[in-house]
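Each of the two complexes below includes chain A, the first together with chain B, the second together with chain C.
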Partner chain A sequence: MRLSQIFATIAVVITGCILLYGVSDFPGFGDPHSPANAGVPGSESVSQYFITESYGDTKVPNLVTSVLADYRGYDTMFETVVIFAAGMAIFAILGAVGGGGQPREQSEEPFFVNGDHSRIIVGTTCRLLVPVIQLFALYVIGHGHYSPGGGFQGGVILAASFIIIALSSNLNAALRRLSEANYLRIACIGILIYAGFGVLCQVLEGNFLDYGLLQPVLLTDGPEMARSHSMLGVEIGVAFTVTAIMFAIYANLSSRGTLRDGL
Partner chain B sequence: MAEFFQQSFHAHFNFWIYVILMMIGLWALIAKNNLIKKLIGMSIFQTAIILFYVSLGVKAGATIPILDPYGNKEQAAAYAEESDPAKGKNEKKGTEEKGDSSYVGKKSPNPDIMANPLPHVLMLTAIVVGVATLGVALSIAQMIFKEFGSLEEDEILEIVKGGNVDD
Partner chain C sequence: MSLFIDIISWIAILGGSFFAITGAIGLFRFPDFYSRTHAAGKGDTLSSFLVILGFAVYQLKDFESFSHDWPVLLVILKLLAVSVFIFMTSPTSTHALMDAGWEDKVKPEIGEGKPNHLNDDCGKF
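Take a look at the complex of A and B:
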């Protein structure tokens, strides 16, 4: 064991002991009246408000979605921007040396390669699975209000379907369906959709991302339903960006930025 | 000592696991020589924090924080128990809404029957952002490998130092 590892072990053990000592002051596991769940006397936890009032405010049964896209909409918007920025960073780090822009001569390998039986099984399975996965992803995005789901989860599932295409055949097969220009475009459009909802509220003389004001635009029954529909729009924006960037991360990492051959 | 251990561990085993996972990650970040192993440590560290947040929001016997539009019997009973029927009718506009959803028209759900939604929201974004930042880290590692032909920290340091002498 090297000297640095011994010091690291000492530091980690001391930190761990301090944290474990602090743990004994924490509320018990599953305690519904812990400060995080119920607040302290005299000051109710904000999560209590979310559970009791958010359906009345937004008409969205999935409380996680309503908190994510409405109460914490500003936060979620910049989380999406972080993902976008991460995608751009990977593009800048790896793409700079990749020599992209040149035409890719390599032809797409078919799903079925004669004589390679493992390829036939994998290719057929993936070809059957991919449409189902994509349909499920769209369901998760669109049904995020009523069931577990939303833009982030659905976007990742949708990106996974493209990654499966790339894994079962090769990267070109996936890039033919979602090309580099297109995923960059989709990533930008996603952010613009999200920010657009915010700006639209400002145009209607309200606060940024105050969806209730969109009632005259969306022609809904009341400001609550306007919030509900705006959340769907915002989630779709998130899904666009997440899908594009997750696939971009895979495509760039697996081909060292060249977007050729892949794994 | 044994008494402390039993008392602390029994009620707080989720926090114990979080601390242990976090320390494994921290140790890997400090002590490991290989950059990819450091990144694995970072991911373990991140997972520990996600576990910490999610386990904070757990309520014993509570369900997921989604109101059931198709009428969950237990939930409906809990609402009925909580809400004062005479008061509940006038308070919310929900009474006028069409549809017989179990929660429409009821005063409000009892917070104790649903898990805390806030940690779920925070961790939902943290997981996806974690994947994206891990991607950035891996791409930097790839470039380092391309530049130095190694992912071992000491070898890279040697090359960097040697290169300075040459210049």
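Take a look at the complex of A and C:
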């Protein structure tokens, strides 16, 4: 065992012990008297507040979305940034280790036939299904307020449709639809949309991501509807980033960073 | 009417369960990769189609008038859409799996004394 492995093992064991020690202080699962459910003495429980008041505050029936995109929107913004950073890290690593710097040749193969008749069945099925998958992904993104879903889930479904194109024919066919320049652009635009909503609130002399202030901009009936619409906006931003980064991760990992041929 | 719907949906659901079980038995007892995939793919497709069809028929019990009960029709439509997608994707994935096995030169098992055309057809083995 090398020295670095010994140090890594020691670090892992110590971290694990600390985490296990921390877990022992948790309240029991579903305990009604735990601080999260009953609140601490002298102040109301936060989950009770979300359950009773969130619809009045935001006019969003899906409690999860209102907590995720409004009450803790700052956290969700940085979750999106984490995904972005993961994508950037993969580009950096594969660019250094794989042959990332070489010029790319774009072969002009036809989309589905690929000179290989065994792929006609898979190709045709995917060609029929991809539009349906993409439509469903847009539905999941846009319907995140009212039903389970939202930017992360819809973005992953949208990225899966591009990955299916890449699997059923080849990587070039998918890159022709979502090229390297475009997915990098879309990933940045997604975070800019999210942060833009926050900065817009600051421009209107409020706090970062305080959506209620956007009422004069979005021309809604009240601050509640402004929050609802802003949540849709930031979900779309999240979906942009997640779609682009998920597809980018697949494209780069399957071709070792060269973006040529792939699997 | 209600009894009729019950009988139809139960026949479909039980038929689907039968094909699911035979598919599972085939998956275990058939001799080689291709016949096993065949059993799993065929049984899976038909059984899920029949079970979903049974659910869709069962939903008709709640349907009385168009003006009031259209959400029930929506549920039926969704179930039928699910079955259509399963009908498209499940055989395709079975095909892709078999194709991958063929590309990977997985040898089919051919009984004693049966005609063996493997070598004349493609020269793969």
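The criterion applied here is as follows: the second predicted complex is superposed on the first by the 196 of 263 C-alpha atoms of A that agree within 3 Å, B and C clash if a C-alpha of one lies under 4 Å from a C-alpha of the other, contacts with A are read in each partner's own complex, and residues count from 1 in each chain.
Everything below uses one rule, namely that a residue touches a chain if its C-beta (ideal position, glycine included) is under 8 Å from a C-beta of that chain, and two chains touch if they have at least 3 such contacts.
All values derive from a computational prediction rather than experimental measurement.
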- Task: For A:Phe26, select first, second, both or neither according to whether it touches chain B, chain C, the two together, or no partner.
- Result: first
- In this superposition, the partner of chain A with more touched residues, chain B or chain C, is B
- Could you say whether A:Leu128 touches chain B, chain C, both of them, or neither, answering first, second, both or neither? second
- Note on the structure: In the complex, the residues of chain B that touch chain A are 4, 7-8, 11-16, 19-20, 22-23, 26-27, 30-31, 55-62, 64-69, 92-94, 103, 108-109, 111-112, 114, 116-121, 124-125, 127-129, 131-133, 135-136, 138-140, 142-143, 146
- Message: Please output the residues of chain C touching chain A within their complex, sorted ascending.
- Response: 85, 88-89, 92, 95-96, 99, 103
- Taking the complex as given, what residues does chain A use to touch chain B? 4-5, 8-9, 11-13, 15-16, 19-20, 23-24, 26, 28-32, 34, 36-38, 45-48, 50-53, 55-56, 61-64, 67-68, 72, 75-76, 79, 82-83, 86-87, 89-90, 93-94, 97, 146-148, 150, 152-153, 155-156, 222, 242, 245-246, 249, 252-253, 256-257
- Given the complex, residues on chain A that touch chain C span 118, 121-122, 125, 128-129, 132
